[in-house]
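Next up is a structure, given as structure tokens.
When the chains are written out, they are named A, B, C and D in that same order, and each has its own residue count from 1.
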Amino acid sequence: MEDTGTVVAFWIFAAITVGAAIGVAAVRNLIHSVALLIVTFAGLAGLYITLSADFIAVVQVLIYIGAIAILIIFAIVLTPRAGRHNQESFMLLPALALAALVAGTMIFVAFDTNWGAQRSEGFEGTATAIGDLLLDRYALPFEIASVLLLSAIVGAILLVRPEGPEEEAE
Amino acid sequence: MDSIELEHFLVVGALLFAVGLYMALAKKNFVGVLIGIELMFNAANLTFISFSRFVESAEPLSGHVFVVFVITVAAAEAAVALALAVLLYRLRDTIDVDRMDLLKW
Amino acid sequence: MTIKSEPFVVNVGPQHPSTHGVFRLRLTLDGEKIIDADMVMGYLHRSMEKLAEERTYTQNIPFTDRTDYVASMTGNLAYVMAVEKLMGIEVPERAQFLRTIMAELQRIASHSMALGIFANDCGAWQTPVMHMFRDREKILDLFEMACGARLTLNYMRIGGVSRDIPDEWIPQAQKLMEDLPKRFAEYEDLLLHNEIIVARARGVGVLTPEQAMAHSVSGPMLRGSGVAWDVRKADPYAAYDKIDFDIAVGTNGDVYDRFVVRLAEMRQSLHIIEQALEVMPGGPVHERLGTATVQPGGQSIAPLAFRPPVGEAYARIESPRGELGYYIVSDGGPSPFRFHIRAPSFINLTPLKLMAIGATVADAIVILGSVDFVVGEVDR
Amino acid sequence: MPILLRGEWYDLRDLANPVRELIDGLGLVSEVDYVLWSLIASLAILTWLVLSVLAFIWIERRVVARMQNRKGPNRVGPAGLLQPVADALKLLLKEAITTRGADRLLFWLGPVIIFIPTIVVFAVVPFGESMVLADLNVGVLFMIAVAGIMTPAVFLAGWSSNNKYAMLAAMRTIAMLISYEIIQVLALLAAVIFIGSMNLQTIVSWQDEYNTWLIFIMPLALVAYLVAGAVEINRSPMDISEAESELAAGYHTEYGGIKFGFFYQAEYLAGFAIAASATTLFFGGWTLWGLEEWIPGWLIFLGKLYAVFFVYIWSRGTLPRLRIDQLMTFAWKFMLPLMILNVLLVAAEVVIWEETGASRNVALPAIGAVNAALAAVLVIGWARFLGHGSGRGRGYSATLTREVGKIYYTGAEAS
């Protein structure tokens, strides 16, 4: 990936993604944190486009920004009396150390390993191929994923179901 | 700086993962923990897509398919986590994970 | 998902597009559901009842324009009827008919506005209001021809009306009477059977007849709850006893029934006006008071100051909003000793809490619209 | 003959051509060339959008005024044409107020974020044969995904205002947008299954090649898409998120001046986006059964787009508003099952068509007829099943009586 457009795009999106992610962890206000999380997701979508993964990029926007960020917002709004802060618990230092350790290890591995032969071109339109794979080779995982989603929906509804029969009427 | 290779993406992924890990471990607020987990999912996705793009293989798009599954699982996880947060809040009036120390509901 | 959420207090008003003036409704919400509703009144209080004690009986007529400024004819009428009762004045036949016609025209104008604003509260983007205002404008034109004013009319006088209608008035009124049924048919077609209006209004804000009577509700709200009560029939005044008309009642007591009753009443009003225009006799339009001094142009029939005998009188009429009553106590002086208005807008608002609890915010606005109150009359 | 013109700089049937010629003539490096081309195209789209919004503010006000028996703006400029400009100037000159207790950063960001998705959508919209900024393979998905960004933007605007109306409206809006996004996706999914591509250009050329528009094949999907679109752009009868009579101005209650202007404009832009995607997917985009050889395709496209947008103006002028729970019931109980059935039906039809190998002249009319008939049956039947008769059956008139004091109350029906 040497053409100038891609290189520039990568650096911009990487800066946005990592910067916003650090912001997510650092800002004091939980809502600001969620707003920055959305920026992180958008930056990742940009990174996917530089990786010529157009389908995944669009799905990233659709699911992460359009659905998961909203779920997180709901989690905040539905708990009105809980704190809206973004503080750390007493685990601050160990967590920081562990995170630094993990990041260091992974970066070291990334540079240390020989990843073998490299493809030079990106993909041309991935949606059809992904669809074929999903319904052909990965049909079983696909079905399992649907069952998982269904059970997650049912589980979520069961968890927050109102207790007591008097509210059942609603 | 003039060429972008696999390692660049892996570093971004590693940083994202580290931030997510830090948040999941250190945040007091349940929603903060949830955000951290989502960040880790995203870091993994980015790594999948990077390998899929750069590493020569017979079926390069398998990485993409895996990401689709990860996103599915993440959506399911977010839904259940939201339900848990609401339930916790209803029972304990707080969603600070620090205060969930009774080992019972 | 049922979530136990915090009670959430929302102030609707005093500055809000749906409060029809400066009226404040404090809603306590659980999510979208109302669990408590408080009314806060008095933002438009102008102390009319007290001010009236310092002015002569004639000077008080303009006040009655400004209580219910959407229907000032009926305000005038109720007040002058109270004073006439106090003084024992017999009003000439023609003036009685003119009063009836004007009151019914005012009812059509007021109901037009009520229905239009109600549709607006249901969320229509001004269109019904504008169509309704087209009719109202025609009626206001007639008022202008009769007395020179359009909104604060000051037409009724103690002992009659301020002046006779001009010659071209009756043809123009008859032309309007021909046009209006077509329009009403259009409204019934577009609004009465509108799926969204039905969905928004049916079963919302139900008031049973017992509740309505317990709260002393009157007018279309009472009739919407299924009680056939109309002061025009129950205690006829002006020329209503010489005219043939029906009371429109609903059966469910919900917002939709109030809406239906108003639409039906507009048709009844047309019917009344048509008959009145036919049988209206000639003759004088006002009774001269004993001490009257005729003013230049012969417009005013009551002198600026006169002294009714000591006593008290209560006169009531069916205003577009309900039973409008004026209670006047005289101590023999030139101005009333006590001047009290039984304002239907105010009293019809009292069961609001009853209707609003359990409804949603959107319902509360529709219920508020169905009460058809005028803040000028609520606060006086 | 038009064929002679193809690709020449004076071929105005496709405005992209002269621009391409011009830029290619400069002999620049390919990167610069690409950036220049993108910039010019984006600027052209932006200019068109802004002018369209200004025009449609005027058109909407005049048209609705006609529906309401009045004249509408007619003082500023000839026939009031400059009224939108005057409005915009007024908004620009107003003081920018931030409420006390508002989250200043997010309050400022709200109108900016809501602007992004409404504009970005037009990157994939094919205005003409080569007039498309980014010919994405996943164009349909892109439009839906980008529109989804509006949801958090609305929430941030409502939340940061520190206003109860705004908060309430924001919550309503999120619930609504999420519900109707599903309807929207399912409606477009049917179209995508039938055509077999998510590329908008391919969808247009498919409709051109088969000489039909998707509206004739799947009317139900179009209706569902337009209804969901009305929710997304807050048009009657779904304008709950800014329900004027209930919640003042909804989630942008506290915004004034140019910030409000942004929301106002974003609403129109989102409307154009919905109209543009409906035009492309269901009305054959820039094609008109061969006439695009003679009339510029972009004119055809814009004509169709404005016609679709007019439906929204029309509905705003005529319909009252539903309540939030009724709207949600409509989405989940009525639209969702119908849309799922629609997707299954279309998928089955595609398979049957492939298996039988019927000629298109037989297959397409048959599919269209079956779909239209089934749509009518399903809509009416499902509505009956859920307890909704026709509107006429549900309304009634008052009882007329002369018996003073009699009580006619029969007990309230459940709503």
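Heads up, the rule we're going with is that a contact is a pair of C-beta atoms (placed from the backbone, for glycine too) under 8 Å apart; a residue touches a chain by one contact, two chains touch by 3 or more.
This structure is a prediction, so every number in the text was calculated from the model and none was measured.
The most centrally placed chain, judged by C-alpha centroids, is D.
When the C-beta contacts at A-D and at A-B are tallied, the pair with the greater total is A-B.
Centre to centre, using the average C-alpha position, chain A and chain D are separated by 29 Å.
A separation of 6 Å divides the Cα centre of chain A from that of chain B. Averaged Cα coordinates give chain C a centre that lies 43 Å from the centre of chain D.
With centres taken as mean Cα positions, chain C sits 64 Å from chain B. The residues of chain A that reach two or more other chains are 34, 55, 59, 67, 74, 78, 81, 126, 157, 160, listed in rising order. Contact with two or more other chains is made by residues 86, 90 of chain B. Shared contact sites, meaning residues of chain D that touch two or more other chains, are absent.
Only residues 31, 34, 103, 105-106, 109, 136-138, 141-142, 144-146, 148-149, 151-152, 155-156, 159-160, 171, 174, 178, 181, 198 of chain D touch chain A when the two sit together in their complex.
By the touch criterion given at the top, residues 1-23, 25-32, 34-36, 38-39, 42, 45-46, 49-56, 59-62, 64-65, 67-69, 71-87, 89-90, 93-98 of chain B touch chain A in their complex. Listing the residues of chain A that touch chain B in their complex gives 1-2, 6-7, 10-11, 14, 17-18, 21-22, 24-25, 30, 33-34, 37, 40-41, 44, 47-48, 50-53, 55-56, 59-60, 63-64, 67-68, 71-72, 74-76, 78-79, 81-83, 85-92, 94-96, 98-100, 102-103, 106-107, 110-111, 115-119, 122-123, 126, 129-130, 133-134, 137-138, 141, 145, 148-149, 151-153, 155-157, 159-160. Only residues 8-11, 16-18, 29, 32, 119-127, 130-131, 134, 188, 192-200, 202-204, 206, 208-209, 223, 225-230, 233-234, 246-254, 257, 260-261, 263-264, 268, 360-363, 365, 369 of chain C touch chain D when the two sit together in their complex. In the complex of the two chains, the chain D residues touching chain C come out as 64, 67-70, 164-165, 168, 172, 236-237, 239-240, 243-248, 316-326, 388, 391-392, 394-415.
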